[in-house]
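Two complexes follow with chain A in common, the first pairing it with chain B and the second with chain C.
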Partner chain A sequence: MNTKPDMPMICVKDLYKNFGDLSVLNGMSFNVNRGEVLAIIGPSGSGKSTMLRCLNFLEEHDGGEILIEGEPLGYRVLEDQTRVRQSEAEIARLRSNVGMVFQSFNLFPHRNVRDNITMAPISVKHVAKNEADQRAEMLLEKVGLIEKINEFPSRLSGGQQQRVAIARALAMEPKVMLFDEVTSALDPELVGEVLTVMQQLAEEGMTMVIVTHEMQFAHDVSNRLMFIDSGKIIEEGAPADILRNPASARLQEFLHRFRTSFL
Partner chain B sequence: MFDVFLSNLPYLLKGAVQTIWLALAGVGVGTALGLFLGIISAMSGGLIAGSITVYVFTVRGIPVLVWMFLSYYMLPQLGVVIGDSYAVIGALILYTGAFVTEIARGAVLSIPKQQIDAAKGLGMQKYGMLRLVILPQAITMSVPPLLNNSVMMVKATAYVSVVGVWELTYAAREVVERTLAAFQIFLGVMLIYFLICYPLSIFARRLERRYSYEH
Partner chain C sequence: MEVIIDFFGFNFIQSQLPRFWNGFQLTLAIALVSMLGAVVCGIVLVGPRMSNSSMVAGPVIGYVELVRNTPLLLQIYLSYFGLPLIGLPLSAFLCGVIAIASQHGAFLCEIYRAGIEAVSKKQWEGALALGMTRKKAKYRVILPQAFVNVVPPIGNQLVILIKDTSLVSAIGIIELTLSGKMVIERSGASFEVFLFIAAVYLFLTSSFGAGLRLLENRLRARQ
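Right, the complex of A and B next:
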């Protein structure tokens, strides 16, 4: 794999995104370094999921720049600041380096677990079928679901589906993994099994960006925590500092509401 | 009681073969055309999708019999001489295609956006997404309405007798005029039409089962 060690894995520069008249991202800039786990928290509608989707170009940014290992994603900005959209093939190639796991799992319901995991490596990266099968088995061992390899997604619990979705994203051997509120749609009892897999990935050194409402998990697993509101970074730093001593009134209010909602 | 029907059965079966041929050509090609146009319409936009919509709305809003009259009488006037059967098959193709276009377009558009996001997120491009994610799910959804449409169009082949193209219904009318046994003959013709349409239903059920993923 072609790695560029001195470069941030993700570099976001002055990112803007609008939905019609609504400004969702208002000039966000940050880096994610190799092996770093960045957790993003914020109230509903703050732009955290939109920001994450921009990192995989599932949402197209209206301004600013995203670089994945130094390579621009989606648009190239020319010297005169005009933006040129990349070709579909180029965007697809960059996307395959960035694994994404969604809130609603989004497994392919017409294919069994094995095919869900091997489909993209075979069709996108042209991996040989037996090699893709072996990797699928290894990944299912890792997420603890090898016995479900021939099941269809409809036969799995939410937690199991989400673990398969993680294995599916990992099968593309991405350089960075994005997690978009991956436990929000799960029964509280099933949250733990998904978080364990994510924790394991973090310990293995995977670069991760996690949008989450699981404060304890964000505290325990991330190296850096970012609080965003109205499409802006309000505060960022070490998780323990941010969560224990929030500097901004907005984060204090958010954490206060969050804590009282569990009393 | 059915001796008149039985003695004329070979003649009626010849008509049935002609009906099957009209159905295979008209409905088969029309369905293929509709599937193609429906997928293109759902995946593209602008002028292409707009032109396909104009085709669907124009053809669907006019009875198939009128299209048959049009192609039967108008084509020779325009100097296109292709034979009566081909003229009505053209009308059947046009009409089937319009309905199937909407079935296919609807099935493709009904695939949840999250499925597309997942495929894109894995680095798939349009063609791969279409082949591996969208079409397999769309096919499952479109089998029942496609069958419905095919059965309707097989029965619509009976209209071609009005413009003088020989097939099962036309043959039955000839036999009735000769024998005056309308009840027997048309009861028998009902049975033949049913026997043509029933295998279609069986075939569709098999297809549904094959592509079903709710195990």
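Right, the complex of A and C next:
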């Protein structure tokens, strides 16, 4: 893998995004360093999911710049500040470096677990089928689902589907993983199995950006926590500091709604 | 028992079977060629129909609306009497097939479109997030799922197509319905003949429907 250790993995510069008249992101700037786990918290409608989706260009930003290992994503900004949209092939290539796991899994229901995992490596990265199969088996071992390799997604529980979705994203050997409220659609009993896999990934040094409502998890796993509201970063820093001593009234109010037994 | 058999005219029908057989074969041929034509026509139309460019989608929408909202019988007449006027004197069989295939192709185009649009946007996102281009996502993720969605409505449409083949009798093709009418003109046994013909259409459409249900069940069982 071609890595550029001196650059931040993700660099977001002055990001703006509007939906019609509604401004969702209002000039957000931050970096995510290699191996860092950034957790993003915030109230509903604060723009956290939109921001995450911008990081692999599922949402197209209206202003600012996103760099993945120094390489612009979506638009190139020319010297005269005009923006030129990248070609679809270029965007697809950049996306293949950024794994994403969704709230509702988004597994392909017409293919079994093995095919879900091997489809993209074979068709996008042109990995040989037997090699892709071996990697799928290895990843399923890792997420504890090797016995489900020939099942169709509809035969799996929510937690199992989400673990397959994580394995599918990892099969592309991404440089960074994005997690968009991946436990929000799960039965509370199934949340733990997904968080365990994510924790394991974090310990292995995977760069991760996690949008979550799981405060305890954000506290335990992330290196840095960011609280956003109205499309702006209100506070960011070490999770323990932020959660124990919130500086802004808005974060204090937000945290008040959660049980703070972990503090 | 003999009275009942005679009431339904089984003996009479049996004596006329060779005439019906010729008509049945022609009906089957028209139905099969028209089905193939309609399925292909729908596939060719659905791409431009779903284009974001109104320059591309507009003419297809116009075509679909025109063909869907005018009677098939009229289109059969137009192709039979109109095509020779523009230098295309085709056989009655071909004219009938073209008219049926183009009308049902327009309906199928809309069925395909609805089937593709019914696949969740999240499936697109799942595929794109893995680095697939829109084209790869379409062929590997979206269309296979859309296919499962459209099998039942395609089946309905093609059952209607089978029944619509009777309309080509209007341009003198001696298919099943017209062969029956000719037998009636000679014998006056209208009740027995129409009942028999209805039973043959029922056999054709229900066996086709059963085949499609089998396909549908197999496809759904894989998910």
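As a working rule, the second predicted complex is superposed on the first by the 259 of 263 C-alpha atoms of A that agree within 3 Å, B and C clash if a C-alpha of one lies under 4 Å from a C-alpha of the other, contacts with A are read in each partner's own complex, and residues count from 1 in each chain.
Keep this in mind: contacts are C-beta pairs under 8 Å (C-beta built on N, C-alpha and C of every residue); 3 or more make two chains touch, one makes a residue touch a chain.
Only a predicted model underlies this, so the values are computations on that prediction, with no experimental measurement involved.
When both complexes are superposed on chain A, chain B and chain C end up clashing with one another. In the superposed pair of complexes, A:92 makes contact with chain B and with chain C alike. Looking at the shared chain after the overlay, A:102 reaches both chain B and chain C. Of the two partner chains placed by the overlay, neither chain B nor chain C lies in contact with A:149.
In the superposition on chain A, no contact is made by A:215 with either chain B or chain C. Touching of chain A by both chain B and chain C, each in its own complex, is seen for residues 56, 58, 88-89, 92-93, 95-96, 98-100, 102, 104, 106-110, 119-120, 123-125, 152, 154, 168-169, 172. Listing the residues of chain B that touch chain A in their complex gives 114-115, 117-126, 128, 132-133, 136-137, 140, 211, 213-215. Of all residues in chain C, those touching chain A in their complex are 122-123, 125-134, 136, 140-141, 144-145, 148, 222-223. Within the complex, the chain A residues that touch chain B are 56, 58, 88-89, 92-93, 95-96, 98-100, 102, 104, 106-111, 119-120, 123-125, 152, 154-155, 168-169, 172. Of all residues in chain A, those touching chain C in their complex are 56, 58, 88-89, 92-93, 95-100, 102, 104, 106-110, 119-120, 123-125, 152, 154, 168-169, 172.
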